[in-house]
Each structure stands twice: as C-alpha cells, then as structure tokens.
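These notes open a run of structures that come right after.
Each of the next two complexes has subunit A plus one other chain: subunit B in the first, subunit C in the second.
Now for the complex of A and B:
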C-alpha cells in the first residue's frame, strides 16, 4: 500500500527537492526527478494487482467524496507507460538542460508534471482525478512558458491553459453529474451502477458528452486543437513528455477509464469517432505543409490522437490503448531527436536544415527508427498498433478502414518529408555540435521502446487489459496499409522541405487556427452579452435604489418631526429631573447629612458603654434583668 | 415543725444576692466562677422549694435540679480550663487585664 502511495508521491517529492537543493546538485536537481521516475517504475512492478488505497474524504448529505488510488490493469498499464517515458525524457533532460539557466525550476516543474499525471492515472476517485487533471494543466502551463522571456512563450502557455480549461469545465460538470447520480465519486461505483443498468440513459449520455469535452481539451482534438502547435515554444523535453505520455494522453486515458460510460451512450461514442476522424484528417494534412520540425510533430500528435479517438469511437479500446503506448514511445523519441537537431543546428525550420545524418548519425538513426515506426512499417511499434486500429475499423465499416489507410498514408508523408528535409540532401548548417551522453541515453532508451513495443505487446495486450481483443486483420487490408505507408514515406521524402500538398495545408492551418479560437471568442461574446444583461440589471437596481431613496426621504422628514416632538418631551423630562435633583440635593441630602451626624454622635456615646470591664457587663445584665422583671410584674399586676 | 416555703425562698434570695455580688465585685476569675456556682445553687434551691410545696407528685422539678447541677459541673470544668489557659498566657487571673475587646 505504501508502495502504491509512493508511486505518484515520489516525483512530487523530487520536485520539491529539486526546488530546494537543486542549485547545489551537479545536474541541477534533475537527478531527483530521474531517480523518482525510476523508483516509481520499480514500484509499479512491485505493487500487487488489485491493490487499493481508498478513504472517505468527507460526507455531506447523501454525497460521499472519496480519495484513493487504485491499481487495476488499465491504470497499471498507463502508469507504467507514463513512468517509462518520464524516465527516458528525464535522462535526456539532464543533458539538454546542462548549462542552461533556471535548472531547479525546470526539474521541479517536470517532477510536478509527472507526479500529477501519475495521480491522474492511478486515482480511483473522480475528485482526485479532476484535481490531478488540473495539476497537469498547471504544470504544462508552467513548462510551456518556461522560457518566459522568449517572445510568444507566455501567450502560448496562456493559450494552452485556457483552451484546455474550456474542456475542463466539461469534466468538472461531468463528475459532478456522476456524483449526483451515484452519490459517490468512486469510479468503480459509477461503472458498477452502469453495469447494473441503474442509471437513466439520458443523464448518462449527458455525462459522457461532458467528459468528452474534457478529453477533447486535453487531447487537443477539434475544436480545441490550437494550443498544441503553439505549445512547441516550450523546452523540447517538455514537448516530448507533453505529446506522448503526460498531457495529451490524459484525454484518451479518461475515455478509456470511463469507457463503460461511453459504451452506455452510443451518441457520445459516435461523437468521439467523428471528432477523432476530423482531427486526424485535418491535423494530418496540416502536418504535411508545416515548415517547422517541431510543429510537424505537434500536428502529427493531434492526428495520431485523433486515430486513438477513432478507435475508441469504433468500440476498440484495446487498439486505442495499444496505439497510446506505441505513439508515446515513438513520438517522444521523435521529439527528443528534434530537440537535438534544434540544439546543435540552432534552427528547426525544415527549409534551413539538411544532410544532418552525417553530422548527427546517432540522432538521425534514432529519428529514422521512430519515424518509420510512426509511418507503420513492420516490425516497429507503429505497425502493430495501427494494424489493431485498422482491424477495429475494418470490423465496423469499409469507410472507416479506408480513412485509417488514408491517415497512414498522411503519416508516412509528413514524417518522410520531415526526415528527408532534416537528415538528407544538401548539408545546411555547417557548424553542428555533438549531443551530450545523457541525451543519447534517453533517446536510445525510448527508441528501443519505439522499436520493440509493438511485437512485445501485440497479442499480449488483450490478456493485460480487460478489453475484448480485436479480430485478425484480413491480409488484403494489411498489404494495403503497408503500401500506403511506403507510398507516403516515398512521396514525403521526395517533396522534402516543400509542402506536400501545395498551399492546401497552410490554408487549412490558417482556417483551423482561426476556427479553434472560436470557443475563446464565443466565450468573450457571451461575456459581452452578460455585460449587457448586467447593465440592464444595474439599471433596475439603480431604479430600485432611487425609489427606496425617495421613500427614505419621506420617512426621513416624518422621522424628523417625530424627533422634534420627542426632543420636546425629552427636554421637559430632563428639566423635571434636574429640578427634582436640586430638591434632593437641597432637602434630602442636607437632612440625611444631619441624621448621619446625629447617628455618629449617638454611636460615640454608646461607645463608652463598652468599657471592657467584665463586672460592668454583668451588672448591666442583672440590672436589665431586674428592670425587665419589674416591668413584667407591673404589666401583670396592672 | 415544718419549715415554711418563705424561709426557703429567703435563703435562696440571700444566696442569689451573694452570687450576684461575687460575680460583680470579685476580680479573680476563679472567684467569679464560684459566684456563678452560687447563683445556680440559689436557683436550684428555689426550684426544689417550689416543687416540695406546690406539686410534690411531679418529678419535673427534680429533673430540672439535676440538669442545673450537671450544667454547674460542666460550667466549672470548662471555666476552670479556660482560666488555666488564660493564666498560662497572661500570668494573671485578674479579669480586668482581659480587656482586648474594648480596643
């Protein structure tokens, strides 16, 4: 149980440690984060299946809010993925950040990012999931804006933060709805209630759509895609992490985690498919025309996440989680390699790069391995996962399968183009340095994963995750997809730094970037509308205030008259009191004084009686007794 | 010959007068206590005389007399103890020396 708690806690503690003492460490605090990621990974191997850590946070009315971590096959799988990628990226960052300013802050934010993502993945309660979700958003905001002095970085960070926040509102409303329906925030309780058909279909559908809004925001699906390419301004390890395991994977993970909710709402599942299809297609086309290496990869991420959404929408969560893992491995590798190119060549413009395979042979090979994996060439990971998605699509409909093949072609095109423009052809920047060994080690680790993950997981994933396995793919489709991938690679490589489809991608991008800003603009419009409503309300309030002030005026004058009368009466009473006081002072007081003086005199005289002589007292006693007897006798006699 | 009631009463009155004089006039605490004893005995004599001559069948007067004797004995015991303590404290039994309450 302690190990389960330690898995997400370690990176968070490492973040604190990096912030406190990172300045004095040789790697600037990065060793804490790398160590924590490694320990979390070991912890994930140690924790027994079904481990569960849950407590009631508080109860209010019929609602029970719980906190807890849960260790189920799905959470284990995704958490392992997160920790592994974090480990690779962390090792890479050691070299990447060497000699750069503000290292402790970077590693602290990185640790926060990883820890928050692990909490999100392992959480058994919707409250904790939501809190971690927001923490991931915060950490990504901090990391995208890490080089805050760079022009555009603060804007990009704010854009990412606000755009994902629009989706987060959906998630917030979604889990509040789940709380209302089930009375608890436990995910298992929600899924159990769904399994027993206890919930009405309409609220469940609403909940699915609300959760989907959150997933769209985090996974950069349409219409909330715009933040992802802009986020490229952050440091490259951040992009690698953000695009593979921590940030964008959260959206897909949410749909996977709450898959029964979506299964119970066919409309939401269809929406997942259509949104994923649109995003995958549009982002894929834009990626073929992008001139910035990292932005190509960013659009590719949106496209690949769209593919996962397609798989989810078609009822293939297993294929989606497979592709999530494979994509995390090869996309983080691609980003790390792109980071080396940017660091050593000083630019990431495709038209200013070329022939780098001779200057950076290791990086080039790594990029090519990951790129080929992305394109879906066997035996690398992308081939297996995309085959799984294709199998899901082919089972559903011919059109969907065709769409997947088209996407594979597009993926081949954009990655072939990026690879050929960067690493082949005329050698462009002449003075190219060598990457440090931690960067190479990180890249090697992730490239290994990108190369091997496919056949490692293929066929075995079904026994790990509780989702039904896909049927085998017809060999005709398999060959078709392979041909599409090779054609795409060849086409992209031939186009090199030129746009693959002319001006179409650029136009599409401009349109998309304008369109994706509509939620923001719409929010602004709504707020303006609210301004008008508010002004009207203001006027009403002003009228009420004026009316009440008139009423107050009349009551005021009436009050004043009452006041005058009361003052008169009070004055009279006061004068009366004064007079009686004077009389008292004159009469009673003087009389009392005289009485007191008399009493004092009598006391003085009586005082002499107390002589202290015993015989006098005795005599007085007898005299008094005699007198009393005489008086009594006289009274009796008379 | 029967001694008449008047004779008893005269003896009682004389005893009472002697007691009063002793209490008032004597300065020594022991003597004052003796005076009180005489007073008590005067009263006791009166009670017995009245019982003998007015209600000889009633025992209440005898009980009264026994009570007076008892009280006298106790009074003597406590009084002498007090006087002894006072003597130890002041080295005197003159009651005029005990005048603290006046101040």
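Now for the complex of A and C:
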C-alpha cells in the first residue's frame, strides 16, 4: 500500500527537494526528479494488481466524497507509460538544462507535473482525478511560461491554461453530476451502477458529453485546439513530456477510464468519433504546411490524438490505448530530437534548416526512427497501433477505414517533409554543436521504445487490458495502408521547403485560430463594454454625490445666513444686556457681587466645554452611553 | 409571543459577546483619543483580547438549542454563533494587518475602535429577528465602515470614496427601511417569525414590492449588481486592510441577515425569491468577472472579484430552502472566502505601503523581490479561482452541488463558466509576479501583524482545502436556525 502511495508522492517530494536544495546540486535538482521517476517506475513493477488505497474524504448530506488510488490494468498501464516517458525526458533534461538559469524552478515544476499526472492516472475517485487534472494544467501553465522573458511566452501559457480550463468546466460539472447520481465520487461505483442499469439514460448521456468537453480541452481537440501549437514556446522537454506524450493524452485517458459511461451514451460516442475525425484531418493538413519544426509536431500531436478519439468513437478502446502508448514513445522522441536541433542549430524554422544528418548523426537517426514509426512503417511501433485502429475502423465501415488510410498518408507527408527539410538537402546552419550525453541517453531510451513497443505489445495488449480485442485486418487494407504511408513519406520528402498542399494548410490554420479565438475576443469586448457601462454608472453616482454636496453647500451657506442673523440678534441682545448692565450698574451702585463673579467664572469654564473640540462632544455621548449601560446592568442585577 | 417589556425576557448572556465588544469599544473611545506614543498600541491589544474572549463566549452557542431572547427580538442559535465567529475571526485578522499598517501613526489607536463597533453591528445583524433591530444593526455595521475608509483623512480618493459609500449606504438603507415598514404594515408585527406566519395570506404584490425594497439594502452590503457601484471606489480609496475588512465583515453580516429574513419571514419561497435571487446571482457573478478582466488596479480587481464571489454565494442562498446542503455550503464558503480574500488584501497592503501604488506593475517580479508574500498572494488568488486542493475549490464544489441539487442546473453551468473567465485575471496577477523581471528592488513593507494575518489565512486556505471536514462540520452545526 505504501508503495502505491509513494509512486506519485516521490516526484512531488523530488520537486520540493529540487526547490530547496537544487541550487547546490550538480544537475540543479534534476537528479531528484530523475531518481523519483525511476523509483516510481520500479514501484509500479512491485505493486500487485488490484491494490487499492481508498478513504472517505468527507461526507456531506448523503454524498460521500472519496480520495484514493487504484491499481487496475488500465491505470497501471498508463502510469507505467507516464513514468517511463518521464524518466527518458528527465534524463534528457539534465543535459538540456545544463548551464541554463533557474534550473531548480524548472525541475520543481517538472516534478510537480509528474506527480500530479501519476495521481491523475492512478486515481480511483473522480474528485482526485479532477484535482490532479487541474494541477497538471497549472504545471503546464508554469512550464510553458518558464522562459518568461521570451516574447509571447506568458501569453501562450495563459492561452493554454484558459482554453483547457474551458473544457475543465465540463469535467467539473460532469463529476458533480456523477456525484448527484450515485452519491459517491468513486469511479468503480459509477461504472458498477452503469453495469446494473441503475441510471437513467438521459443524465448518463449528459454526463458523457460533459466529460467529453474536459477531454476535448486537455487533448486539444476541435474546437479547443489552438493552444497546443502556441504551447511550443515552452522548453522542449516540456513539449515532449506534457504536450505530446502525457498531459494531452489525459483526455484520451479520461474517455478510456470512463469508457462504460460513453458506451451507455451512443450519442456521446458518435460525438467522440466526429470530433476526433475533424481534428485529425484538419490538424493533419495544417501540419503539412507549418514552417516551424516544433509546431509541425504539435499539429501532428493533435491529429494523432484525434486518431485515438476516432478509435474510441468506433468502439476500439484497445486500439486507442495501443496508439496512446506508441504515440507517446515516438512523439516524445521526435520532440527531444527537435530540441537538440533547436539547441545546436539555433533555429526551428524548416526554411533555415537542412542537411543536419552529417552534423548531428545520432539525433538524425533517432528522429528518422521515430518519424518512420509515426508514418506506420513496419516493424516500428506506429505500424502496429495504426493497424489496430484500421482494423477497428474497417469493422465499422468502409468510409472510416478510408479516413484512417488518408490520415496515414497525411502523417507520412508531414513527417517526411519535416525530416527531409531538417536533416537532408543543403546544409544550412554552419556552426552546429554536439548534444550532451544525457540528452543522447534520454533520446536513445525513448527511441528504443518507439522502435520496439509495437512489436512488444502487439497481440499481448489484449491480455493486459480488460478491453475486447480488435478483429484481424484484411490483408488488402494492410497493403493499402502501407502504400499510403510510403507514398506520403515520399511526397512529403519532395516538398521539404514548401507547404505540401499549397495555401490550404495556412488558410485552415488561420481559420481555426480565428474561430477558437473569437470567444476570447468577444469576452474581452464585452468586458470593455461593461467597463464603459460601469464608468457611466459611476458618473451618475458622482453626479448624485456632487449634487448632494452642492445641496449640502447650499444648506451650509443658508446656515451661515442664519448664523449671521443669529449673530446680529446676539449682538443686539448683547448690546441690550450691556445697556441694561450699565443701567444696572447705575441703578444698583457700582461693583459686582463676589458670587456673581464666581458664577461667571463657572460659566466661562462651561463655555469652553461646550464650544470645545467636537471630540469632547462625542466623548460626552459615549460617557452617557456607558453610564446608561452601567445603570441598565445594575437594574438587571438588583 | 412573550409578554413585551417584562424583565423576564431579558437575557444578558444572549448578548455576551456583543456586550464584551461594545463595552470594550466604549472604554476604548477616550483611550484612543488620549493615547500617545507607545500607548497607541493599547487599543489594538485590548481589542485583540476582547475579540478572543468574545469568540470564547460565542463558541458554546454553536451547540446550543435554538431559543429566542429579549422578547423574541434576538435569536440564540447555532446559525448566529457560526456567523458571529466568522465575523470575529475576520475582525481579528484585519486587526493584525491594521496594527502593522498604521504602526506609529495617529490612526493606530483609532482603527480598533471602529473595527470593534462594525463587528458588533455585524454580529447583531446575524442574530436580530426584529425589523427595528435589523435597521439599527445595519447602520451600526455601515457607519464605522465609513469611518474606517476615511482613516487617512488627508487622502483625497479616500474622501471621495467615503462620500460615495456614505451616500449610497444612506440611500440604500433608507429604501430598505421603507421596505421593512411594508412588512410591518402587512402583518402588524416587527418579529420575523410572526411576519412569516402572517404573510401567507397577504397580497403578493405588496409582499413582492417590500421584498424588492429590502433586497436593495442587503444588496448594497453584499455588493450585488446593480447595488455594487460603491464597492470598486471604496476598495480602491481605502487602505488595503480596510478594503479587506469591508469586503468580508459587512458582507458576512448581510448574508446572515438576508438568510434569516428569507427563511424566517418569507418561508415557502414566497414571491418566488429563489428565482429572483438566482437571476441576481447570475448577473452579479458574470458582471463582476467580466469587468474584472480589464482592471489594472489590484484593489479594483479584487473589488470586482469579490463582487463575483458574492454572486457565487448568492447562488446557494437561492436554493437555501430547497436543499439542506445549501446553508453549510454558504457557511463553508465564507470561511474559505475570509481566508483567501484577507490574505490577498494583507499582502496587497504590504505592497501598497512600500511602493505607494496598487497598480498591476507594483507586483511585477514580486516572486523574486519577496518570495513568501508573493507565494501567499498566489495561493490566495488560486484559491479564489478555485484551483484544487485549496479551500476555494472545495467551497465552489459545495456551492455548485447545492445549486444542482436545488434544481438550478443552469445557474451552476453559468457559475462554472464564470470560474473559467475569472481564472484569467487571477492568472494575470500571478504571471506578473512570477513571469516578469522585477523593475524595482524593494521587497514589501515588513511587519509582524502582516505576517501573522497572511500566515493564518494561508494556513486556513490550505488546511480547509485539504480537510474541508474541519470547517464543514462547523458549518453543518451552524446551519441550525431558529424558525
């Protein structure tokens, strides 16, 4: 049990350690994070299947909110994947961050992310899943904005945070709905209730759609795609770990984890398919025209995640999990290689790169292995997982299978184009350095996985995960897909320095960005409008205030008039008194009575008390109040 | 109703905490005027001790059986005890921050007196079940608050803010008192429960009219749109700890008062108040969040943020009669709101005191200049935005749950969308602190009072977020109301 808890806790502790003592460590705290990832991976091997650590967080009015981690085949599989990729990327980061400023902060944020991501995949409770979901979003925000001095980085970070949070609203409402339906946040209880047909179909469908909104945001599916390419401004290990392999796959994982909910809601499952299909196609086409190496990979990520959604929508969770694993391996490898290119060549622009295979042979080979895996060439991982998806699609309909083949062709095109523009042709940057050994080690580890994972998992995954196996693929489709992949690679390689499909990708991209940005712009417009309204209200209020102060002024001057009149009267009285005094003095002989003088003296003293500071007035008031209070108290007691 | 005027319905223990604080305030008036030099600290110390004693006297009422005191004009029930505890806690934290803020200044001695008076008014409002007392206590919360805003008398914005606050308050409270007279006219009683019993047969149009007028007064204190106009100017014009106080204590008091009025005097959703309040809640949260998006003054930003937060809380008031989970949800949220909002204002006070500005660029690079205050501010803002595992997240979950259970699903959806919009302006401040190079080298104004206030609030934000049970069980205790 303690091991289960330690799996996500270790990276979090490593984050703290990196923050506290990272400054004094040779790798800037990275050694903690790498060590923690390795230990978590070992822990995942040690924990027996079915281990469960669950407790009631609190109960409120018939609702039981639970917290807990659970070791089911699916959670184990994805957690292992996350920890492995984190280990590879962590090792790479040691070299990538060497000599850079602020290393402890970087590794602390990376550790926070790894811990939160492991909690997300292992959680047995929707509330913990949601909390981790938000925390990985926060970590992503911090990591994208890591190089905050770079122009555009804070904006990209905010964009990513906000766009994914739009989807999070769906997830939040979705799990609240699940809580009102089942009375608990336990995922197993929800799935159990679904299995026994205890829930009405309409709320289940609503819940599925709400959860889907969360998945769309996190996995950068349409219409919430725009943040992912912009997030590429973050450090490359971040792009590799968060924005290709793990965090963005959380949306796919969510659908997998709650697959019975979606199965119970055919409408939502259809929506998963259509959204996945639209994203895969649009992002795939855009990727063929992008001129920035990392952004090509980002669009490709969105497209590949769309492919997983297609598989899920067509009823092939096993194929989707397979592709999730394969994609995590080859895409993170591609990113790490792209990071080397950027670091050593100083640019990511495809038009400014070329012929780097001679300067960076190791990186080039790694990129090519992962690229060919992505394209779906046997025996590398992508081939096997694409084949699984194609089998699922072919079982459903001819059109769906054709779509998958088209996507395979697109993938070949954009990756062939990126590879040829970067590593072949005329050698462009002259002064190209060599990557440090940890970078090579990290890349080698992940490239090995990208190459072998498909062959390792093919046929065995069905016995690991509790999903029904996909049917066998007709050999005609297999050959068709292979031809499409090779054609795509060849076509892409020939179009290395230009867009593969003319202006279409650029137009699509502009349209997509505009479409996803209009809610933001509209919100800001409304905000501005409301500010104007607010200012107008404020002016009205000020008018009232000024008006009343004018009235107050008038009353004041009126009062002064009264005052003058009173003074006049007082003067008259005074004179009268003086005259009468004189008369008195004349009438009653001169000199005053000693008593009269005394009284006048008391009067004088009283006068200062009366006309003294306002403060004394209020004091008298309080003394009165206190006296009344004391008197009241006494009366009560007597 | 018990025999009016007889000595038998006097029950001084029922007002123990109020007596302690009011008596202390009276004693402190002359002391505050005469205190010079180091003696200026005395009123703060005395007020602190008094507040702790008052908390000790209030706490036992959390488990007391509900009863009435003073011939039915005053309630002794757990509901009142809970809200009074929140008010006392908020006052203590403000007192800590103010003690540092006015250290050695003329106002150091005066501020605690006004604070005590305002908190007595707030505490009374949470307990009053009589229309006359409600009017009295509403004035009693407001007047010391005006004084607090005007503490720095030479400050022109503060003068303007006070004038605005005062005029708005006077008008709103007058309108409200007018509305209360209708309730009296319709039922012939000042007692909320008697009104509730007699109002059932009354003409609905007049009841609706009276309710509309009464809502204006409470809406003013609670900063509900469109009665919120004073809030941004007052928050900006006042010193930051006072802004924090005004954003918490009058609001808590008004929420408690409104809840009592609705549940005791307008039972069975008379005049469809749940729907009215749901609409006001939706408008308030959307308006507050949308306007906050473009603010550059941090105090104004927090003002609009607290307007939006009031909208979230009103959401649960709207369903207060439909689900038993609504009252604990509001109560819990107030604990969370107190922690996160006062922490934010305490840090802001330090920044403002050091740099003389509360513009967004005053916190630029604060993460480097002053790591701990910056971390506390970031924590408070993330909690306000509802990021788990902080108290604001759990609080928002309870509120949303209550709204969904109460049948206002559309309101829950609007609120959830609002929480996304709100994240933007909180994130802008965090980005300013951590993603920008500092342009100045000053840290923040030091002070033990600030540090204590910030630490207590930050600890509350984390602890109540991770273990909501602690505050929620208190909130559940405190949802028993004399009816």
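Everything below uses one rule, namely that the second predicted complex is superposed on the first by the 516 of 638 C-alpha atoms of A that agree within 3 Å, B and C clash if a C-alpha of one lies under 4 Å from a C-alpha of the other, contacts with A are read in each partner's own complex, and residues count from 1 in each chain.
The rule is short, and it goes like this: contacts are C-beta pairs under 8 Å (C-beta built on N, C-alpha and C of every residue); 3 or more make two chains touch, one makes a residue touch a chain.
Because the structure is a prediction, the values reported are computed rather than measured.
When both complexes are overlaid on chain A, the residue A:179 reaches subunit C alone and has no touch with subunit B. By the touch criterion defined above, A:131 lies against subunit C but remains apart from subunit B after alignment on the C-alpha atoms of chain A.
Judged by the touch definition given at the top, the superposed model places A:506 against neither subunit B nor subunit C. Once the two complexes are laid over each other on the shared chain, residue contacts for A:291 go to neither subunit B nor subunit C. In the superposition on chain A, A:3 contacts neither subunit B nor subunit C. Put simply, more of the residues of subunit A are touched by C, taking subunit B and subunit C as the two choices. Comparing the two interfaces of subunit A, the one with subunit B and the one with subunit C have residues 615, 618-619, 622 in common.
The touching residues of subunit A, when paired with subunit C in their complex, are 57-58, 60-61, 63, 127, 130-131, 134-135, 138, 141-142, 145, 148-149, 153-154, 157-158, 161-162, 165-166, 168-169, 172-173, 176-177, 179-180, 523-524, 526-528, 530-531, 534, 537-538, 541-542, 544-545, 548-549, 615, 618-619, 622, 625-626, 629, 633, 636. The part of subunit A that touches subunit B in the complex is made up of residues 610-615, 618-619, 622. In the complex of the two chains, the subunit C residues touching subunit A come out as 7, 10, 12, 22-23, 26-27, 29-30, 33, 160, 163-164, 167-168, 226, 229-230, 232-233, 287, 290-291, 293-294, 323-325, 328, 382, 387-389, 393, 397-398, 400-401, 404-405, 412-413, 416-417, 419-421, 423-424, 427-428, 431, 434-437, 467-469, 472, 476.
Interface of subunit B with subunit A (complex): residues 20, 23-25, 32, 95-96, 98-103.
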